[in-house]
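Mind looking over this structure? Questions follow.
When the chains are written out, they are named A, B, C and D in that same order, and each has its own residue count from 1.
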Amino acid sequence: MIIVMKPNSKDEQVQEVCNVLKSLGLGVHISKGTQVTIIGVIGDKSVLTDVPIELFPGVDKIVPIMESYKLASRTFKPENSEIDVGGIKIGGKEIIVMAGPCAVESREQLLETAEKVQKCGAQILRGGAYKPRTSPYSFQGLEEEGLKYMAEAREKTGLKIITEVISEKSIEIADKYVDMFQIGARNMQNFHLLREVGKTKKPVLLKRGLSSTIDEWLNAAEYIMSEGNYNVVLCERGIRTFETATRNTLDISAIPVIKSKTHLPIIVDPSHATGKWEYVLPLSRAAIAAGADGLIIEVHPNPKCALSDGPQSLTPENFRELCDSIKDIANLLGRTFQGAVA
Amino acid sequence: MIIVMKPNSKDEQVQEVCNVLKSLGLGVHISKGTQVTIIGVIGDKSVLTDVPIELFPGVDKIVPIMESYKLASRTFKPENSEIDVGGIKIGGKEIIVMAGPCAVESREQLLETAEKVQKCGAQILRGGAYKPRTSPYSFQGLEEEGLKYMAEAREKTGLKIITEVISEKSIEIADKYVDMFQIGARNMQNFHLLREVGKTKKPVLLKRGLSSTIDEWLNAAEYIMSEGNYNVVLCERGIRTFETATRNTLDISAIPVIKSKTHLPIIVDPSHATGKWEYVLPLSRAAIAAGADGLIIEVHPNPKCALSDGPQSLTPENFRELCDSIKDIANLLGRTFQGAVA
Amino acid sequence: MIIVMKPNSKDEQVQEVCNVLKSLGLGVHISKGTQVTIIGVIGDKSVLTDVPIELFPGVDKIVPIMESYKLASRTFKPENSEIDVGGIKIGGKEIIVMAGPCAVESREQLLETAEKVQKCGAQILRGGAYKPRTSPYSFQGLEEEGLKYMAEAREKTGLKIITEVISEKSIEIADKYVDMFQIGARNMQNFHLLREVGKTKKPVLLKRGLSSTIDEWLNAAEYIMSEGNYNVVLCERGIRTFETATRNTLDISAIPVIKSKTHLPIIVDPSHATGKWEYVLPLSRAAIAAGADGLIIEVHPNPKCALSDGPQSLTPENFRELCDSIKDIANLLGRTFQGAVA
Amino acid sequence: MIIVMKPNSKDEQVQEVCNVLKSLGLGVHISKGTQVTIIGVIGDKSVLTDVPIELFPGVDKIVPIMESYKLASRTFKPENSEIDVGGIKIGGKEIIVMAGPCAVESREQLLETAEKVQKCGAQILRGGAYKPRTSPYSFQGLEEEGLKYMAEAREKTGLKIITEVISEKSIEIADKYVDMFQIGARNMQNFHLLREVGKTKKPVLLKRGLSSTIDEWLNAAEYIMSEGNYNVVLCERGIRTFETATRNTLDISAIPVIKSKTHLPIIVDPSHATGKWEYVLPLSRAAIAAGADGLIIEVHPNPKCALSDGPQSLTPENFRELCDSIKDIANLLGRTFQGAVA
């Protein structure tokens, strides 16, 4: 951390700041420039988290040098983490694809989808039982009943299952059924919820908030990890920008940035990023080409009848094409993807 | 709602869409242009919430005409709502100012602040007992102990009290102490939480999410109202943009926009919007001049020692200057503000 | 400027960077932290503008400490600048209002508008002769003919006149007529154009680019000033964000930020910021309350017939109300505004 | 175009609007809903460009249905356009790569770079002779001297050449040397410049503005095309968002969106989008995987000595790796790229 003094700051002011820092056990390094003096702070800066140094007389601004997260940082753990979801490893050589409907709507819809996505090569079944919706008047999910169908689908297909949790109570219930929790974009900074999934030790898919920086995203992962749950997989799903041609703007650069800053795996959700099924195939290819560890794709046996997110759902046929295509790209990059099994 | 067909759509496709609409009890109005055909949909569009019309053959896009919220809409209730917080009315002729520390840190700090802001003219005391922080290693609040100090401060000063809630449990506890709940920006689309405060009937201050449109904000208000709690006050606190000179960008235009779209009151939080105390006075003046119904301001007896948000906190002296200044502007606009009482 | 080395950088790498800096005549100050080493650079950093220090082995990143502009900086010139436009001073105690139609459409339209805005208190007449329009098929302006009407209006009313320039040639022609040039938002980083108006010494109103940071805006001012023309007035006119309820988002905080960073005056354009005439009055009040030195307002004798920007234009009646209102706010803040003269 | 009336609008108001529309030769289609009346407008809407319908009594808002550009639209020309740059076709089956230094710095630097990028497979040499820089104190380019070196490099290597133009005069000079003009992001809405390159008939690479929507981008293309120059190639180079981990945010979705809306080719500039050379390879792969027609890449024989944009420049070795990699991806997608020729 660097403390930049104002151009007209006085020596006593520099001294006062240094005294505070030293009293907290920190080292200081003063550097006088032609215009301003800067103070380098040495030692464990966490003792400064709650000290508003900006307010001391003569101080212009604080410039952080190191990230504020630790457990999630690649400096802390240089090698890639592989997250185990019921035997499926995310973050290794193999590309992992999660697929399924936005919302679990009925037993039939879910079992049919599960069977189809499994044949195309998906390893994990997604399905929403608790649906956060912008309008209170939209369909809000089947809750526990939906989770039972998910578990049945796992039984029948061998797919692992993931669902979104939105409250303490939904964690408690979902914990009995699913292999992996999902934290949705709107809850990325619901710190209470992050701590709760942190306590479970079950793998967590952490979606990036609509307007969250990569730094904030990794701090959200840190919340989960600081409770002892290191099984975090990140999911880029588009950020909010001024462009309205797509629902959100997929931040494809986040893939190499994440790979450089953290050891955690990253997958991509092109369905929510664009909101239109026509764009899901090209963006899936792009994500794998950019180095993503997997994808999460909305698939519905009959998108026209979907109760939620129909316009961005692939048919099983389109999903098979997608799986075939990313298998080839994965191979080019020295990775593997099982692809269609039937 | 308007359904726009593709330039090359066929008559049968237009017919198919119309049949679906009619089967749902809706009226249709077909308008053939030189390039495209559009279908106007007449009736209660809520039956369409979960029908992905975009996926029908020949359909290009859907253009919503009416807002998706109802109870919050000024069309639904044309006259201004006044929200009663323990006898204080927000949304009427009188400007209401909430003030206090970001976090309740100790009994002494809170009681001293309460006494001072009350003398300057504040009617409501703010203070965080449950603190959502970006880093898991920052101070997280005194929880129920803090609420007890808040209640004591109310006893001593007559100020009403408001605190942020972040989970079901914190609602349950805070409900025993406070006069008003606050939903923070990061939880604006935590729909589970919105429903829970909706069930209480206690006034709610709903902060705008960092990247939420005004439309989404009013839909979040609708969540609370749809549970029967109509006592919602909106709070503009800055949105996320590319500009980094201030922490967020205060969307001052939101004030007249909100006044035109909803009957609910709106107040402004210049402390969080800018992150710098120097900008709080000019932006408070601007907010009142633009027609806001009040302000929420961070005040700390000794900002240099604040455990949270010190850099954006006013001293009691600066806060008095602010109250004096906005009183004059309020009067110019035909409104009142009690101002300093001692 | 601070150079931050990577956590695992070697002493020789630190030394190599220092050698380069010293060879350029700069001083260095090395500060070894527990995790990283940082190098403080002392002296005239402009010699480094074109040296990519980031690429030297072991370097993690560069952290600039000082602004990149100089002539525009308040550090360079602490007292406010007052810009003289034909005898009218912008940036002093007096609030200055520019008003007029978006585009000069005809002699009658312009003379009528000029007379009316002059009576309400405007000191400067605005009017577009060269119109940059998003679509090539929209009305593009009367060019020199429009400027002749502007000059006639000045003759008749005593108002000073301002027009937008968009090319070398338009500068050359407008220079013969107007008292002040305007650089539009879309041309804020048209550096060639900035240099050209810099060479004229005539006052320039520099609008902020739609997606320009305050730092880039001041660097654009620096372009004009570096040619010897110090007569720059800044104009905040809204930035592009995700919010679509208004055409752009007026960055009201830019007013106090600009006041702290530069000695140049700042005025506000609420007409372009919002795109809707209903919001122009509240935002004009807010701008003056926040400390702006003036306003630029679109006024049209008959907005329904305007060839450009009709929806955001005030009628003369509404403009009179605006002038009356801001006069009161100006007085409250210890400033003056002449207000209606007839 | 749809005109939406206010909920309380009167029949006479609807009639007045219809009368205006009819007087302009347009057809109308009235559709009365349960809450609002809407008017569908039929015919050539360009007659309405300069009529502010929003201002008529009772009108709530205008909803455009069709795009405002025509020549650039895929509706107007359904098949892909191939743009011929001195015999090189952009937009066909073959992937085209442009490469070279940000700025032409010297004859040696340019000839060395040209020779190397040509061997790796680039077909077009890029090099800046007129450099728009944020700070007026940065290196601004060698101007015509630089163009002479470019022409010499073409002579020696067979590469076609492209350079950025920034003013009428630079167009005039560059026209004597280069095969293709580039319009930079900051000039995307410099309509005067667009018209000037439109008059030349020489191919134009039109970079997307930092905060331009895809719709505005295509309208900028329309400016060039409306002057009779149909040889426009689009270039996605990142948009401005709140994320600061990369210089801009590469909008990868723009590729499929552009492919659906226009017949013009699109290439991608990952160097400017990210600002860091480490991210150029993964994003180049992603761009080709998403369907881009080519790339433009900054390559410098010795990035550490580059006078401009060194941190984002590839070495010739890295560039060769990039070319090898995208050749494979191109082949997977049924396209071709010549790749390394030596």
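To be clear about the criterion, contacts are C-beta pairs under 8 Å (C-beta built on N, C-alpha and C of every residue); 3 or more make two chains touch, one makes a residue touch a chain.
This structure is a prediction, so every number in the text was calculated from the model and none was measured.
Considering the contact criterion stated above, the chains in touch with chain A and with chain D alike are B, C.
Of the two interfaces, B-D and A-B, the higher number of touching C-beta pairs belongs to A-B.
We define each chain's centre as the mean of its Cα atoms; on that basis chain B and chain D are separated by 39 Å.
Averaging Cα coordinates per chain places chain A and chain B 27 Å apart. With touch defined as above, residues shared between interfaces to two or more other chains in chain A number as follows: 211, 240-242, 244. Taken together, the chain A residues at the contact with chain B in this complex read 46, 49-52, 54-56, 68-69, 132-139, 166-170, 186-187, 189-192, 195, 209-211, 216, 219, 222-223, 226, 240, 303-304, 306-311.
Looking at the complex, you find that chain D touches chain B at residues 2, 4, 7, 29, 31-36, 38, 40-44, 63, 65-66, 75, 240-242, 244.
Those residues of chain C that touch chain B in the complex are listed here as 211, 213-215, 239, 241-246, 249-257, 260-261, 273-274, 278-279, 282-283, 285-291, 325, 328-329, 332-333.
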